[in-house]
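When the chains are written out, they are named A, B and C in that same order, and each has its own residue count from 1.
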């Protein structure tokens, strides 16, 4: 079965990455159309020269990192809180779980439009505007449910008695959480953080509605460019992102091993 | 200190964000690469340039009255509604000396006769792009119902445009609010749907060039760009029953605290050379007549962008729809697509 | 249990601001009337809800559910072996996991355009098949429901793989060894030991895929040629071109209610998602 799994994995990864390869290949195309006409770096030069693009990429990264950090921390704590029984023995918190469910089933356009309405209403009383802060807040809002779902899934198969043992041995509640449960949760937290980062960095609908004058993000710029038709500069952008992040991942793997 | 050093120093200082600002909200792909940088250099301002893909998107942002934008580019049929909503600032013609650069037909446009609220920017029409190797030329909207085009026809994914084409085949006005006429138009759209490959907007350009699509309802801008890339294979026709015309205008938001700078920007866009540079990049038709002499011959005489007056006479401007009419159109559109 | 309440507070505050308050606004909007140019105005009305009984919306709902269900099923079938492979790959786990996520850090839009590029009549797949002589005329791979499902599966696979991986990873190998010792073949072990133990992950993944698929609109717009409208398209349209926020609010409330009903119908006691 191991061999079968490995073969399947090859095909699965090919399915996932082939479109990217095509994009990468055509990012070096000298013509802007879908017929190969020679090698050229002109699109990469165009990207490097496009200040708007670079600035929005920077915005996207900042927003994604901050929102992921906040959502992961708050979400992990919330998952633990939902899992841990109350003194009465009951578990969960109905309205918090309910609102997380709601967060998952709400279409993005509705979340975005209603957040915009809420912000505009609030801003009438305070002298504030839409900006990076509203985007980050929105991103944390919709990533939270994802983090909680992933971490809770792992918590469900966790042995409760381990914490009880720690308490019996004299640990505080927080100590039991920090020293015993948290290390167990690390893979789930990592997976949740990745999910939150992915959802944040690629979000278009909600971001475009709550973004302010100074908070254009990469998906917004890409969407505008892509609606006009094939543009190899987009290929260059996505290839750069994949390459850059790919390098980061390989680097972190190497560092972890040493 | 010589002029060059001063300019570079000024540009650097401005780039550091310490100079005054102007926030411009425009359609994407509507200026030339050096339009904004040149403006920034000359006036010592820093321009924050944002783009949108649709008017409702822009409206949602600016309706609150404190969006932060100064200059916007609404389409003609939104000028009167936005004015009624109190969103626009009255223009001060003393700060716009070169309004006379506008083409005569845009000096007193129907949506804003005194040019008190807006200045026409770019205009265009909708028509039919088709492959020359079809063997026949679609010259009327009704030609798009021809079964020879089955599976290779695209229409615009824009309810006013599709309704316009259907209404015109029936001989009605494309701004009709009559429920019977609209329902008849809807029936025509439903009859056409099996022939339609997809409903595409500007993306159809590449499919036309690649040959995937034989005929498409398209904006003149998209058509001009497609024909420029494949001149021997593609052609454009202005339908004989009549066709929609649109115009995008520059306007200033009432909430703006930088009125003078905004006016300078509009005056800057009206300059012949600036407008000509934009047209060369975007291949749109400028409302600015003074820019024409500065355009290359190929653009100036492009029949798609600058058709003769007798053809333009068949065109009809989009006008604002009442709420009831908008509701009905939307319901009919959902039924078409379902 | 003060620690528990302390841990829950930040999340609760965030949910109030980013979900509860906006949803309250949506509920209020759904009983108001459409403003002439967007926004809302009085009078109060329930007309937006009575409009929902129009059969055209029922057809759209059903089609949306069907497409979302098929896409979720494909994600499960394709994602499970992949998650298993990653969970068993020892020290390289994180690397393989990252390789699954990596494509999704580029823009969803660009990836969708890449698929359009591949599937077109003059695209690579058709050209290759024609060059190999397998087909003579190009296959209509684009602008149909199949293309939409492909796009959805491609777009939501990591949402299935990640939760599956999270549960598979902690699967105790000694359980599997015990099953083998008791004479079970690998396939039996899979069906009767592994799958039941992964049920929480499967449920989580299915929900994380199915629900967004219900509300999707970009994929059906781009890969479906905007020809068939899903419920997400209708909602999207109300908030943009149609500028009928109240009807859009009513429609999405209906959609969310149905989705919540489904969620509660499939959950098992003690195995809640949240």
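Simple rule for what comes next: a residue touches a chain if its C-beta (ideal position, glycine included) is under 8 Å from a C-beta of that chain, and two chains touch if they have at least 3 such contacts.
This structure is a prediction, so every number in the text was calculated from the model and none was measured.
Novice: Which word fits how the chains touch one another: line, ring, star, complete or other?
Specialist: Contact map by chain: complete.
Novice: Tell me the chain pair with the top count of C-beta pairs in contact.
Specialist: A-C
Novice: Averaging over Cα atoms per chain, report the distance between subunit A and subunit B in Å.
Specialist: 36
Novice: Averaged over CA atoms, how far is the centre of subunit A from the centre of subunit C? Could you give it in whole Å?
Specialist: The computed centroid separation for subunit A versus subunit C comes out at 15 Å.
Novice: What parts of subunit C, by residue number, touch at least two of the other chains?
Specialist: Residues 122, 239-240 of subunit C touch two or more partner chains.
Novice: Mark out which residues of subunit A touch at least two other chains, giving numbers and ranges.
Specialist: If we look for residues of subunit A contacting two or more partner chains, we find 34, 113, 223, 230.
Novice: Where in subunit B do residues touch at least two different other chains?
Specialist: 57, 60, 210
Novice: Under the definition above, what is the set of subunit A residues touching subunit C in their complex?
Specialist: So the residues of subunit A touching subunit C come out as 1-2, 5-6, 8-9, 12-13, 15-20, 22-23, 26, 34, 74-75, 77-78, 80-82, 84, 86-87, 92-93, 96-97, 99-111, 113-115, 117-118, 121, 137-138, 140-142, 144-146, 148-150, 152-154, 156-157, 173-174, 177, 187-188, 190-192, 194-195, 197-198, 201-202, 204, 218-219, 222-223, 226, 230, 234-235, 237-238, 241-242, 245-246, 249-250, 253, 256-257.
Novice: Any idea which subunit B residues touch subunit C in the complex?
Specialist: 54, 56-57, 59-60, 63, 78, 81-82, 85, 151, 154, 157, 159, 193, 196-200, 207, 210-212, 322-323, 326-327, 330, 333-335, 337-338
Novice: Provide the residue numbers of subunit C that touch subunit A in the complex, in ascending order.
Specialist: Result: residues 1, 3-5, 7-8, 10-12, 14-15, 17-23, 25-26, 29, 78, 81-82, 84-86, 88, 91, 94-111, 113-115, 117-118, 122-124, 154, 157-159, 162-163, 165-167, 169-170, 186, 197, 200-201, 204, 207-208, 211, 214-215, 217-218, 232, 235-236, 239-240, 245, 248-249, 252, 255-256, 259-260, 263, 271-274 of subunit C touch subunit A.
Novice: Looking at the complex, which residues from subunit B come into contact with subunit A?
Specialist: Within the complex, subunit B contacts subunit A at residues 23, 28-29, 48-51, 53, 57, 60-61, 64, 66-69, 201-203, 205-206, 209-210, 229.
Novice: Hey, which residues of subunit A end up touching subunit B in the complex?
Specialist: Its residues touching subunit B are 33-34, 52, 113, 116, 120, 123-124, 129-130, 208-209, 212-214, 216, 221, 223-225, 227-230.
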